[in-house]
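Down below is the structure, laid out as C-alpha cells.
Read from first to last, the chains carry the letters A, B, C, D, E, F, G and H; within each, the first residue is number 1.
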Amino acid sequence: MQKEHLKKLLENVSEGSLSVKEATDRLQYSAYEDIGYAHIDHHRSLRKGFPEVIFGEGKTADQIAGIMDKMQNQENIVLVTRIDRRKAQNLCSRFPRAVYHRDARMLVLELAPVHVSGKGLVLVISAGTSDIPVAREAYLTAKMMGNEVETVFDVGVAGIHRLFSHKALIERANVLVVVAGMEGALPSVVAGIVDRPVIAVPTSVGYGVSLGGLTALFSMLNSCSSNVAVVNIDNGFGAGYIASMINHL
Amino acid sequence: MQKEHLKKLLENVSEGSLSVKEATDRLQYSAYEDIGYAHIDHHRSLRKGFPEVIFGEGKTADQIAGIMDKMQNQENIVLVTRIDRRKAQNLCSRFPRAVYHRDARMLVLELAPVHVSGKGLVLVISAGTSDIPVAREAYLTAKMMGNEVETVFDVGVAGIHRLFSHKALIERANVLVVVAGMEGALPSVVAGIVDRPVIAVPTSVGYGVSLGGLTALFSMLNSCSSNVAVVNIDNGFGAGYIASMINHL
Amino acid sequence: MQKEHLKKLLENVSEGSLSVKEATDRLQYSAYEDIGYAHIDHHRSLRKGFPEVIFGEGKTADQIAGIMDKMQNQENIVLVTRIDRRKAQNLCSRFPRAVYHRDARMLVLELAPVHVSGKGLVLVISAGTSDIPVAREAYLTAKMMGNEVETVFDVGVAGIHRLFSHKALIERANVLVVVAGMEGALPSVVAGIVDRPVIAVPTSVGYGVSLGGLTALFSMLNSCSSNVAVVNIDNGFGAGYIASMINHL
Amino acid sequence: MQKEHLKKLLENVSEGSLSVKEATDRLQYSAYEDIGYAHIDHHRSLRKGFPEVIFGEGKTADQIAGIMDKMQNQENIVLVTRIDRRKAQNLCSRFPRAVYHRDARMLVLELAPVHVSGKGLVLVISAGTSDIPVAREAYLTAKMMGNEVETVFDVGVAGIHRLFSHKALIERANVLVVVAGMEGALPSVVAGIVDRPVIAVPTSVGYGVSLGGLTALFSMLNSCSSNVAVVNIDNGFGAGYIASMINHL
Amino acid sequence: MQKEHLKKLLENVSEGSLSVKEATDRLQYSAYEDIGYAHIDHHRSLRKGFPEVIFGEGKTADQIAGIMDKMQNQENIVLVTRIDRRKAQNLCSRFPRAVYHRDARMLVLELAPVHVSGKGLVLVISAGTSDIPVAREAYLTAKMMGNEVETVFDVGVAGIHRLFSHKALIERANVLVVVAGMEGALPSVVAGIVDRPVIAVPTSVGYGVSLGGLTALFSMLNSCSSNVAVVNIDNGFGAGYIASMINHL
Amino acid sequence: MQKEHLKKLLENVSEGSLSVKEATDRLQYSAYEDIGYAHIDHHRSLRKGFPEVIFGEGKTADQIAGIMDKMQNQENIVLVTRIDRRKAQNLCSRFPRAVYHRDARMLVLELAPVHVSGKGLVLVISAGTSDIPVAREAYLTAKMMGNEVETVFDVGVAGIHRLFSHKALIERANVLVVVAGMEGALPSVVAGIVDRPVIAVPTSVGYGVSLGGLTALFSMLNSCSSNVAVVNIDNGFGAGYIASMINHL
Amino acid sequence: MQKEHLKKLLENVSEGSLSVKEATDRLQYSAYEDIGYAHIDHHRSLRKGFPEVIFGEGKTADQIAGIMDKMQNQENIVLVTRIDRRKAQNLCSRFPRAVYHRDARMLVLELAPVHVSGKGLVLVISAGTSDIPVAREAYLTAKMMGNEVETVFDVGVAGIHRLFSHKALIERANVLVVVAGMEGALPSVVAGIVDRPVIAVPTSVGYGVSLGGLTALFSMLNSCSSNVAVVNIDNGFGAGYIASMINHL
Amino acid sequence: MQKEHLKKLLENVSEGSLSVKEATDRLQYSAYEDIGYAHIDHHRSLRKGFPEVIFGEGKTADQIAGIMDKMQNQENIVLVTRIDRRKAQNLCSRFPRAVYHRDARMLVLELAPVHVSGKGLVLVISAGTSDIPVAREAYLTAKMMGNEVETVFDVGVAGIHRLFSHKALIERANVLVVVAGMEGALPSVVAGIVDRPVIAVPTSVGYGVSLGGLTALFSMLNSCSSNVAVVNIDNGFGAGYIASMINHL
C-alpha cells in the first residue's frame, strides 16, 4: 500500500467524507507489500484478527528475515513455524527479542505482550510422549493468539484410565485439541465424553502401516464421534489457530 | 438402566441425600439400553446436548425401526442419516410423523418443535450443483440442532466472482460449512476472506483422479488458509453437527 | 488316497509292523482327492484338528456341492463361508441337513453334534450394529469348532461407558475377538484392559476414507496395545478359527 | 498414586475391611505417575502381567532415562525397544546393569532373573538373513517374558526343503512367530503344516514393490491358511509379546 | 495394404528383381487395413508368428464382428479374449464355426486345425478353484498357439503336499504358468523347485487386502526365486502367449 | 444481473459517458443468474470466448433442462457432457433441436451454425478401439468450438508402423490430442516426432494395474518428450477445449 | 550420421538432384551420435525446433560433460536441468561460458545470443515463496527458448486479492504457467479469469497429505476450469518448454 | 549335509545298490549348510543350474564373507548383488580374486572361467543413460551365466528413430531384456517389432509421479504387446537370470 494512498484515505475519514466502515473495507482487501519473493499481507490482522504467520520450511533464513523485517513495523507479534535450529539461531542473532521454542520448532517475536482474549479454556491433549512436539506447537500458537491453554500429555488409549483421571480438566475445556499418532484413536474417545468441538491432529509418529500419519488421519476422519474435525498431519499450528478462532467467537 | 435403580437415585435427590450435580454425573455415563443388535445411548442428550443419531447404512429397516421405537419415548427428535428411499418409505409407514428428505438422504422424526438456540448464522456453501445433496445434509442437521442456517450453492472457483457477490452473507456468518468435490479449492478461498472457522466437507463428486473424493479431501487438509478443519468425504452430517456445536459455545 | 494303499498301511499297523506314530505321519501329509477343479484335503482334520473349510466366493453351486459330497463321507462337519442366499438355497435342497445362517453368510452341515472342547470362553465384541455380520461369522466358526462363545454388540468408542458395563464378561474371556469398522479403535481400548490375546477384525463398514476397511485395518496394526494381532478385512471366519486354536492349546 | 491413599487402602486390607480382590481391582485401574512428558503406568504388571515397555523411537535419551528411573523402583524388568546405539550407550552409562542387544535394537534392564513360566515352546522362524533383526526382537521379548524360545533362520520358500528339515522342532512348538519380508509367503506355508497359532511378522526387507513391507503384510493377511494372525511391519516386539501371552494361557 | 502395391511387389519377387528377404521386410511392417474404428494388422502373423488377438472388452459385438470378418480371410485362427456370454452368442450366430469357452471367456474361430509346434510341455498350475478361469485362459491360448499343455488345479500353499505329489509332471515341463490370487505365494514355491522359467499370473481372487489382485502381483514381483517373470492381473492370455513364445524358441 | 443495472450501463455507453472497454470489464465479471441449484454464468462467453458447458453427471434431467432453458436465450450453442442415453432422450424431447452423440456421451444444442475460426488443424489420435468414446468427446468439443478436426484411431504402440503411415496428417496438425489407455505410451511417441503441443488424455480402458487410468495418466506425466501436457482421465472434453483455445491464439 | 553419407546427400542437394524438402526429411529422423552411454540426437533442433536438453539427475559430471562437448559443436544453446551445485561447478570449470542458475538448478551454455521469437507474453505465476525454484526453472526455460517472460510470485489463494491486483499483467499474457504446491488451487482460479491456456505445475512443497505433490497434481487435473493442462510434479522445465511451443505457433 | 551321510550314499552308488538317478534326487533336495544366520543351499547348482546368489543389501560384510567362504569350496562362481562400494572393498581384500563392478553394484568371484552355453543372443536395451546401472546388472548376470550378451543404451521413445537404427541387432536376439524408467514405454514398442520374449525391467529413475518406478512397472504390465513379462523395479539381476534360463532351454 502506497503511503500517499493511505494518507488520503485517512484524511477523508477524519474529514467525515468516508465512513469508518467503508475505509475498513477498502483497506482490508487491498494492502500488501511485494518484496519480490513474497507478497506480505500487512492487513491480515485487520481482516483475520491475527497477522500472517511465516511457514519456515522451504524458505531461506534471508527470506524469512526479509519478511520479519517488514512485519515488525506493523504487527504486535510475528510467528515463524517449522523452522529448524540452525535457521532459528541465525534469526535470533538478527532479531534479539525473538525466542526460539525448539520442541515446537517455532520462533516467536513478541513485540507487545499478549493478553488473554479467548472466552474459555483451550485444552491440548496428546496420546504419547513422541507426539509432544506437535502438541507444543498447538499450545504455543493458541497461547500467542490470546488463549488460556492447558496440556495433558501421554494419555493414549492403551491405558484409558489415565485419560479418565483428568476428567475435571477435560470438562472445563471450551475447545479441545487432541494430538495422536499410530492408530489415532484418542480423539474419538475424548469426543465421546465431551459436548465441545474437538480438533484432531494426526501425527507422523509410528512405523510400518502408520504410513507417515495417514492411518491416524483416516482414523480420525472416520471417527464415530461427530464432534471431531481434523487438520493435516503434524499441523499443530493449524489446530491451535482454529481452536483459538473458535474460542474467540 | 433398570427402573429400580433410577427410582432410588431420584428418591435420593428429592430427599437431598444426593446432590443434583452428582446425580447428573452418574446418569450421564451409565444409561443405555441393550436390545441385542444395539446399545441405545439414552443419555447422550444429557451428555452431549443432542440425542444419538442413527447411521442408516448397513442397518435393516427393522433394526432402524427398533431403535427409533425405543428413542421416541425419551427424545424430542430422532434423526436417521444415509437412508435410501426404499427403507425410508418403510419407516414412514411405521412412524407417521417422520419426514423423509430425499435430497439429503435423511429421515427426521421431529417430536417437539425445534427452536433456534445457536448464537449466530451457520452458512452452508457448495461449489457445484452436484455437491448439493451433501450440503443439504449439513443444512438439515444444523437446522434440526437449533441453528439459523442459510445456503449458497454452485459458486465454485472457476467463476470466483459468483462467490464474491455473496460477500455480505459470508461476512455475517458465525461458522461456515464449505462443501466441494473435484479439486476442493473453495474452502481455501472462502477461509482466506473470513475470520471465522470453516468446516470443509469434501465430496465424492468428480471422476478420474478425483479418486472418490480423496483429492478434494487432501486439498482441503493442505489448505494454505489456517482456519479450516475437515470432516470425512460426503460427511455433511458431521459438518452440520460440529458447526452447530461451535455455534452453541 | 487310494484304498489299497490305505488298507495295506492299516494292516501293517494292526500287525504291529508299523507304529501308530509312523502311520499317522504318513497319512497326515499325503492324502487328498483330486476331483479336477479341486484337491480335497481329506486329512486336514488329522493334521490341523479341523476339516477343510470351503470358501464359497468364486465357486459355483455345483463345485461346492461336489466338494461337500466328497467331504460328508469323511468328516463330522462341513462349513462353507461367504456364500450368498441363492447358492445356499440350492445347496440346502441337495443337503437337507445343511443349515444356512444368512447373517453370517455361512452354510453349516453338522453331521455329528459339536461338543465344547475349548478351555475357556471366546468373547466376540463388535463396535457397531453394521459390524454384526462379520462378528456372527466369527461367533459361528468358533462355536462349530467346539468353544463356549459369547457376544457383546454395538459398544464402539464413541460411548465407551457401554463397553465398561460389560467388564465382568470381558474379564472372564480367555481369548477375545474384537470386530470394528470405521476408525477401528475398539481393539486397542479392549486390549488395554485385559491380559489376554485379542484378535482384531477390521470390517469394510464406513464410507469415504474408511477405504473399504483399510483404515480400520491399519489402525489395528498400529495399536498401541501389544496384545493385538490382526486378520484380513471382514475375515470373521479366520478370527474365529485362530481364536479357537488358541483356546484349544 | 499418592502414598496416603495407598497406605489407607492397604491398612483396610490388613484390617479385613477391604477384600483382597476389591483392593486389586481398585489399584489395577488407577495408578500411574505423571512426570510431565509421560504418564508411567506403574500397575500395568498387575493388570497385564508385564510392565510397560518403553518405545524408544521419538524419545530423547533423557526422557527414556527419566521413565526408567521411575520404573526400576517398582518392576523386575524394564525393556526399551527401537533404540539406536548412540542412545543406548548413553543409557548404559547411567544404568550399569542395562544390556544393549544391538541386533534387536533393544535395551534390557533385568533387575530380577527371569524364569520360564510359559507352557510350551515359542519358535521364531525367519525367511532370510536380512530379517534376523526383527526375528531377534521377537526372540528377546518372548525370552524376557518368561518363555522357552528357539530360532530357525533363513528358511525362505525359494528353497522350501530347508524349512522341512526342521520339521521336528516345528511340530514341538506351541506358538510360532514367522518373520518374512519380500513376498511374505513363509507364514502361509508354515501355518499349512501345523495346528498351532502362527503370528506373522512382515518386515521392510526388500526393494521396489516390497513397498517398505506392505506387500509382505498384505500377503500374510491374505494367507490361505486360517491359523495366521498378523502384527505391524517390523513389529518383532509385538509378535513376541502376544506369542508369550498365548503361551501363558 | 493396397492390392496394386502388393501385386507389383510380388511380380518383382517372381521376376527376381526383389529378393525374398527384402520383400518380407517390406510387407512385415507396412500392411494393415483401416476400417475406421480399427487398424487391422494383417501381417502380424508374418511379423510375430501369430495373428492379432481381439481384446473383447470395451468393443461392441458389431465392432468385433467387423474385425473377425476381415481377419477370417487371411488367418488360420482368430481369438477373441475377455468376451462375455451375451456378445459371444451374438458372434457365434454370425460365425457358425466359432466356439465359445465360457470358463475362459474366449471365443475361438479355428479355421485350420492347430498342430503342436512347441518344443516341450507348457504346464499351467493354479492355486485355488476360483483361479481356474484365468488358468483356463492361459491353457487355451497356449493350446491354440500349438503347444502341448497340461493343467494342475487347486494346489495352493496352505497344503503344500498337494503340489509335491505332482512332482513328476512339474519336472517334465519346459515352461510353467503359475496362477494364484490372495497371497500369491505359489509361483515362488514352484520356481524354487524347478530350473525352468515360471510365468506368474496374479488373479483378482480374494477380498480385503487382496486389493483386486495387487497383493498377489506385488508378492510375485518380490519373489525370492529368480526364475519368475510376471504379467498383469488376470492376464491368462498374456501368460499363455509368452509361454508359447518361449516354448517355440 | 438485474435488468435496470444493465440498461443504465448500456445507456451510459450509448451516451459516451462510459467507454466500451470499461463497460466490457464490468459486465465480464459480474453477470450470472442464480436459479437456486445453480449460478448460471451468462457472461462466460464474453470472458472466456465460449459459454459455460454443463457437466451432466450428478445432475438430474430437470436440473439440466432448467440450465439449458436459461442459456438458450443468451448463447449460440449449449453443450452437455457426460450425459447418459436416458437423460439425453428426456432432454431431446424438451429441446427438439438438441442432438445426442451417444459415442461421445454429449448433447449438443447448436442454435447458430458453428464456423471454423481456429488457425490450424486439431488432430485427435487414439491408441485403441476402446478409447474411441473419449476421443470422440475431444473431437466433438473442438469441432463445436470452431476448429478443423481430423481423427486417426487404433494406432497404438504395439504396431507402431500403423502410426507412422499417417505421418503426413500428423505433420500438418497445429495441435494434437492423443488419447490412450493401458500403458499410455502413445503420446510420448507422437510428441517425439512433432514440434507441436500434444495434449495427452489418459483413459480408464484396461484392467488389473491399469488402475482405472492412473497408470496411463502417470505414464503420460512422466513422458520423456517435453511437449506433452495432460488432462484428467477420460477428460476428452477438457482436451478438446484447451486444444481449441491453443488453436485460436 | 556418418560423414560420407552427409557429404553425398548435400552434394545431391547442391546439384539439384535432391530437393531441399526431401533432404530435410531424411536428415531429421536419422541423425544421432552414439557415444556408448548416450545417443545424442543432433537433429532434434531441426525436428523439434530446440536442441536436446540434458536431464542432469542420475548422470555423472563426466557423462554430462561428454554430451555437452559433442553438442557445443552443433548447437547455439545447451541446457542442463536438475543439476546440483557440485556437479555444476565441475562443469563450469570445464565450460567457462556456462552459467549456473542455482535457484532453478539449471546450467546454461549460451553459445549464440537468444532472441525473442515467441508471439506474446509467457507469464509465470507461483502460489508461495517455496514454489519459486520450480517457477524459476519454467521462467529460464521459456526465456532461453526465445520468449518474453514475466513473473508474479507468492499470490496463493489464502489471500486472493494479491492475485487480483496483478490483473493487467494476467490479461496481457498469451500463455500462463501457474506453479503451486500444497492444495494446488491457484491454477483453477487463474484459469477461471482468463481465456488463454494455463499450464499448471504442481510442486512437492508441503507436508502431511501434500503427499510429495500428488495432492496438488490431482487437484489441478480435477480443475473445474477447462483451460488447464498439467505437467509432472516439479517439472518447471516441461511447463516452460510447452508454453514456449504454444507461444511460437 | 553331514559327511558320513554323503559318504554312505556315494558308496551305495558305487556299489550299485543305489541308482544314479535316485542319488541325484536325494541330494538335490536335502543338502544345505546351516551357519546360524544363513542356510547355504549348496545343491542349488544341481537343482537349478546355477549356485545361490547372495543378495548383499541388509547383510553385513562379515555375513557375506562367511557365506562366500563356504561357497567357494563347492562352486565355480559366486555372485553378490546390490553391494555398495565400501562393503565390496572389504570383501575384495579378503577374496583377492573377487572383482567389483561398481556400475552394476555386483561382486563377482569367478573361480573357473565361464563359457558360453546359451543358445542365442541375449540383448539388453535401456531407455536412458540413467537406466544404465540396472541394465549393466542384467548384462553381467546373463554374461556370468554363460550367454552371449550385447547392449544398446539410451534409445528411449522420445526419439524412436534411434531404436530403429539398431534393427539388425534387435532381430538377431533370442531373448531381450528392456530396461526403462519414467513412463516405461520402451518394452511395448520393442515387443511390437519382435517375435521373441521380452523381459521388461522398470527402474526407479524419474521424479514426481514416476513414484519410484511404480509407473514404469504398471505401464509395462499393461503393455498392449503380449510378449512381455516383467520383473521387480530395478531388478536387473532377475531379468538377466530368467533371460539366461530361457536362452538355455
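By definition in this document, a contact is a pair of C-beta atoms (placed from the backbone, for glycine too) under 8 Å apart; a residue touches a chain by one contact, two chains touch by 3 or more.
These numbers come from a predicted model, not from an experiment.
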Self-contact between copies chain E and chain F, residue sets same or different by half = different
Key: Distance between the centres, which are taken as Cα means, of chain H and chain E, whole angstrom   = 26
Inquiry  = Could you work out how far the Cα centre of chain B sits from that of chain H, in whole Å?
reply    = 60
Remark   = Note: chain H sits from chain D at a C-alpha centroid distance in Å of 38
Message = Counting only Cα atoms for the centres, state how far chain F is from chain H in Å.
response = 49
Remark   = Flagged in chain B as touching 2+ other chains are 29, 128, 159, 193, 208-209, 214, 217, 221-222, 232-233
Ask   = Which two-chain combinations touch?
value = A-B, A-C, A-D, A-G, B-C, B-F, B-G, C-D, C-E, D-E, D-H, E-F, E-H, F-G, F-H, G-H
Ask   = Across the complex, what residues on chain A touch chain B?
value = 29, 47-49, 53, 119-120, 174-175, 193-197, 199, 217, 221-222, 226-233, 235, 237-239, 241-242, 245-247, 249
Query = Can you list the residues on chain G that touch chain H in the complex?
reply = 29-30, 32, 36-39, 41, 44, 55, 57-59, 63, 82, 202, 204, 212-214, 217, 232-235
Ask   = Touching chain G in the complex: which residues of chain B?
value = 127-128, 156-160, 182-185, 188-189, 191-193, 206, 208-211, 214-225
Remark   = The chain A residues in contact with chain D across the complex are 128-130, 132, 153-155, 159, 161-162, 165, 205, 207-209
